[in-house]
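Take a look at the following structure, please.
Chain lettering (A, B, C, D and E) follows the sequence in which the chains are written, and residue indices restart at 1 in each chain.
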Amino acid sequence: MITTLITGLVLGGTYALVAMGLTLQYGISRIMNLAYGEILIFAAFAAFLLFSTLGINPILGLAIVLPLAFAFGYLIYGVMMQPLVARSKKSGTLEVDSILATFGLLFVIQGVMLVVFGSNYTSYNFLNTGINVLGTNIAANRLLAFALAVIIGATLFYVLTRTRWGTTIRAIAVNPDAAPLVGIDVNRTARFAFALGTMLAASGGVMISMYQTFNASMGVVFTMKALVIVIMGGLGNLMGALVAGLLLGIVETLVATHVDPGLTLAATYLLFLGVLLWKPSGLFGKAAGR
Amino acid sequence: MTTLLDITNLRKQFGGLTAVNDVSFTVAEGETVALLGPNGSGKTTVLNMISGAFAPTSGAIALAGEDIAGLAPNRIAHKGVARTFQLVRILPSLTVAENVIAALAFRPNHLWGQAARDRAEQLLAEVGLGGRGDEHANDLTYIDQKRMELARALAAEPRLLLLDEWLSGLNPTELRTGIDLITSLGQRGMTVLLVEHIMEAVRALCSRAVVMNVGTKIADGPTADVLADPAVIAAYLGDGHA
Amino acid sequence: MTLYSRRTTLRAIGLAAALLAGAGSMAVIAQDTGDRTSVKIGYAISKTGANAGGAGITTLPNYQLWVHEVNGAGGLEMPDGSRLPIEVIEYDDRSASEEVVRAIERLATQDNVDFILPPWGTGFNLAAAPLFDRFGYPQLAVSAVTDKAPEFAARWSKSFWMLGGGHDYTEALADILTDQHEAGTINNDVAVISVADGFGIDLITAARQSFADAGINLVYDVTYPVGTTDFTPMLNEAAASGADTFVAFSYPPDTFALTQQAQVAAYNPKVLYMGVGVGFPVYAANNGDKIEGIMSLGGIDITNEAVMEYRARHTEFIGQAPDWWGSVITYNSLQMLEEAIKRRGLDREAVAEELSNGTFETVLGEVKLEDNQLRTLWFGGQWQDGNFVAVAPSDREGAVAPRLPKAPWPAQ
Amino acid sequence: MTRTILGFILVALGLAALAFLPTQLGAYGVGLLLGMTGYVVLASAWALFSGPTRYVSLATVAFFGIGAYTVAVLSEALPYWAVLLVAAGIGLCVALVVGLATLRLAGVYFVIFTFGLAELIRQLVTWYEVNVTGTLGRYIFLPITAEQIYWQLLGLAAITIAIGWFISRSRLGLALKVIGDDETVAAHTGINIAGVKLALFAVSATIITLVGAIQAPRWTYVEPSIVFNPTISFLTLIMALLGGANRLWGPALGAIPLFLLFEWLSANFPNHYSIILGLLFIAIVFVVPRGVLAGAEDFWKRLRSNGEAA
Amino acid sequence: MLEVTNLSLRYGRHLALNQVSLRIAEGETVVILGANGAGKSSLLKAIAGLAKAEAGSGVTLDGKSILGTKPHLIPEAGIALVPEGRGVFGDLTVEENLLLGANPKRARASETERHALIFDLFPRLAERKGQLVRTMSGGEQQMVAIGRALMSHPRFLMLDEPSLGLAPIVVTELFGALKRVKETGVGLLLVEQNVSISLSISDRGYLMEAGRITGENSAEALKTDPAVQQAFLGGAAA
């Protein structure tokens, strides 16, 4: 039982890490980013390239990949999203527009990856050694990803809830129209949050690349899993993403061990559907959906 | 006078918070009654329970002797309760006439086609929007949106009309027009229950007033008596308004 | 009412646009006339989507290599000795069934290609089969493992099935396990996991039968969904079952993950057999000497110089080595086609007949199809000293004895 | 009124012309028409429900897959028309159950819920096939030609658009607009919101199920990963949104050019298909913000007002 | 001195403000009276940078133009707005709303004192620091909105219909607090329907009609002006 729980927690940690960036992008910048998983995969390829050609280990690779991801997110928001946000003030179509535009972005990034990296499965070995945790052998790379998820989650949570700067970010999520009244530059802050979300996606990608096989077409899988977690946790709620991610990991492992591995994904979606039917706006969502 | 609306021991809890606590009152056929009280005293919650937006935690709401507590809003609407909203709610993608037709088309003896268009035009004329049916609801000014909302409520041919701060936000001139409009409804025998903060209007319109504070009823009676009640002054009106 | 008339107008515009678009799609079908200067060969392959990973290893590189080599030699040789270069028409089926079907229709009826190379995957080959048949093209289905191959070959006379069926592989595996059990190397218990997809199900269904026939106990038998990334629970259960043999009928990402996670869990079955991906070049590159002793489907007779030479050419041209199972079969099928064309020309009927009855000298040696199926296949292989060598069927020439039990994972 | 009749005549002529087209086209042309018509129906049916209610559904492929799978399971056991009927029935029942459970969800919660639903159904079908029947892929050997599939789809397209037309002129259509604008007002004017949504969802889902059932014989071989491919949901949504989900011909006008664009790109740029498609997509969002049909309408308006000015 | 000169504003074809000029001195309280749709809210929005004025308009603070300044920089200049509908952050706590109020840099130095001042003005907020604002009553939310605006250490505070939808007793309480705010030296620019109570705390007033200023006078004079009586006070004071 303890083995199951620990394995599940570690698996869930990765889910949570991936979902947190998306919840920032949707909750604060109000961009439903369908290209999220592609960014993640791109970062995975980047980590792989750094490791296999330059011998830079993925942890150090983070130092290179993350700033680039941040810059990329910052650029994309400025070039692509900003005009849509400005336009939607009149038309109120940001949700549909952002779905369509990021769907396009998804294809572009995927296409670039196909041309650059090809369509093959890619993987490499890094820190694939067992570490004994309470009698359970856990791969060091997974443990690292879990630790990173917890650290990032805790830091973000602290910053968002305990600092003025974090409160301004949440203020945008709560009431973007009122934000300028207290001197918040909504555009800049939303852009920053989007870039931060992109960076989280990239960090998830680097972590995942250490222990999972990936190829250029796999981004959608991550986008959807992250969306499921984000929605289950409650939109824009970091804590929700963390809890929902961990919960999902545990449930998958429990079902795989005690019921039937063939039903793990079914269980995931059942859990998700159940949560939504019970609480229509997610575990930590507001009473009424948006 | 026969009783149209009979509320007994109505109670509503949101989690641990009791918003409405054992409230009972009645509204007679043809009467215009004010439901008063400070913000957060539970007036709108009572209105919401009558119209079906919320189900009561306990208690009974009888319309002409029939229990309607906890029914879905559309069922209650079909039984003859129509309402306006605290913050005016228009259907922005429809024209003014279509806003009214929306109510005509889904009442029990529904109208459709030319009959509905004619009736909508008639109702719009009644509230002072005659000939403006083809405008977009979104383009109306605030007061005209309120008029349209009233026309929509009237379109349902309600036995009971609930007005939630329908007069608020109007300037004194508009207010007078509004009061006249509601008075004319009363004269035609419409039963009206209204939540309002403008005492001038309450005095002019309502024969009777019910006052709530922190979820409970603290006064019920002829308007003049109620507004002079020391408990009401202390909790709601303040000294300046005695 | 102006609004009304505008709506009507729009309706008319809509209809007109729909008709125009429909007419536009009929874009004039170009017929090639005049003297032939090339042989048109077309194919639809998954360049994007879920199947791109598999197609990009086993199928597409071999098409590219073959075309490159043939054109390098001046083109396809015709019966009269002349050579015509290959002109390739390539479509992306985006891993969608409907796209495969339409792409084949397009190749056959609009592009009027001379030959069509098959798509990747069992399902897509089946979706394409009736079309190949209807338009009269021979179909050299390689990446399709199905026990119904004899039935299909009978149904579609010009279809050829090159990779055997699930039973072939599981019976070969059962033979090895029986031998090892009799030799006292392993106990008689087997733990199996399989991916819940056409491939996994075909094999596990066959394996249940083969193992039962051989008297092997199936002590753990579960199926997991496509996309599973964490196999720890299954590995733990398999370890707890006490079986000396662990078998996974898995897809590449699963195979890679299983290999890593088995090391982490220090799970050391005496026989470790996994599915697609064990023979991929990236597998050996990532796992180094840890792959020693791991078994899978396929295999190569490394004493066959032609095969080894093919591997070198592939590595040089594509930039990566071919896999150790399907690639060489794909290449072999193309050589057969090349040879059949050389003997019978561009008459598809004749070429199909030749493929069916002829004997070919290919990279695999002398090849002759039985009932439109390639039967001289390697059904089991094992990593030995950096090569994935063929171990089953053990009575075939070139087979190597399996080295079992597999050594435990190197200490970490 | 005469204009309406004119419209009808035009539509009828158009239908006749479209029905006649296969005789003039080769197999590829028919295939293209077939695929295109399939998406026209999918997008139109999707928009029947999602357009007015603004409930963005990603469950398209759930019903599409149910239809296709039903045909795969029953094609040997029942006559073809009965199989279609059973498929529609199953789609309808699933839609009713799902609708009852989910229509209280709002916004993006509904979007992802419906996506989850499609995946759940796929997983359950897979699990059932693997563990209960022990086979995964199923074969469909029905003697139905591409032309016949196309004609069926064309008929279904006509029915779908006719349903859309009738709804837009009926009280149901008004109810939908009211619900789309403000559900609270809708309920208080006496509209049975749950009932209206459920009815629409069921109609839309049944049509989508039929598309899956009708198209299935084309693939010979069916397995869950093929017929429950989420791309179908995404493409349907994109096509309907592109054309304008709130207009009768909008989804069709989104589906046709987009479908041809996909085809043209994958034929001519198999290696850069994704990049070009993505860039085009982004361009479309920026250039035609409210859908093709709304854009055309704006353009038309401008033309007219210019004409009046001159 | 906050000065507006010839301010015009258009929504599409509709001219919401037509050459509006007004001024408000340091510490002064000014009320703008006018019917719905007269353009009062648009005026406040234009000053706050939330709506774009036509060419030729002028808004200056101490003689320096602030027209065209991004809305989020207006609080930095010392002008705070309490919008119609309050514009509070409903899903944040009272304390967090106030913290955000002190977001402009000019507010940081005096943050602690301001905080104390606000709790002194509205003791109820001190009791409910940790409560989510959306769960509070309308009057309390209005207090949060005013408190938040005051946290930015404004020189001028603009309020759009603060009494809208509030019970009479709450209105009295609110205007009592505004009177005290005024005493701290903040200039108030008030848009109100409740004419009698707003004139009671104002120094001067403007009359607005259909997007133009149609009159200007001291509050005392306006109270007795027959035209104002007729148009806004319904004949007799309520």
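Here is the rule we go by: a residue touches a chain if its C-beta (ideal position, glycine included) is under 8 Å from a C-beta of that chain, and two chains touch if they have at least 3 such contacts.
As the structure is a prediction and not an experimental result, all values here were calculated from the model.
Think of each touching pair as a link: the shortest run of links from chain C to chain E has 2 of them.
Looking at B-D and A-D, the interface holding more C-beta pairs in contact is that of A-D.
Per-chain Cα centroids separate chain A from chain D by 31 Å. The geometric centre of chain B is 72 Å away from that of chain C, both derived from CA atoms. Inter-chain spacing, taken between the CA centroids of chain A and chain C, is 34 Å.
Remark: chain A and chain E have CA centroids separated by 42 Å (rounded to whole angstrom).
Across the assembly, chain B contributes no residue that touches 2 or more other chains.
Those residues of chain A in touch with two or more other chains are numbered 110, 114, 260, 262-263, 265-266.
Shown for chain D are the residues in touch with two or more other chains, namely 123, 126-127, 130-131, 271, 273-274.
Interface note: chains touch in the pairs A-C, A-D, A-E, B-D, B-E, C-D. For chain C in complex with chain A, the touching residues are 46-50, 52-53, 55-57, 95, 193, 196, 222-225, 227-230, 232-234, 236-237, 252-253, 256-257, 260-261, 263-266, 277, 280, 282, 286-287, 320, 412.
Of all residues in chain D, those touching chain C in their complex are 3-4, 6-7, 10-11, 14, 17-18, 21, 24-33, 35-36, 38, 123, 126-127, 129-131, 134-137, 139, 146, 215, 218-221, 223, 225-227, 229, 231, 247-249, 252-253, 256-257, 260, 263, 266-267, 270-271, 273-274, 293, 296-297, 300. On the chain A side of its complex with chain D, the touching residues are 26, 32, 80, 83-84, 87, 91, 93, 95-97, 99-101, 103-112, 114-115, 220, 224, 227-228, 231, 235, 260, 262-263, 265-266, 269-270, 272-273, 276-277, 280-282, 288-290.
Chain contact summary for the complex, chain E toward chain A: residues 48-50, 70-76, 80-81, 83, 87-92, 96, 99-104, 148-149, 152. Of all the residues in chain B, the ones that touch chain E in their complex are 37-41, 86, 141-143, 165, 168-176, 197-200, 235-241.
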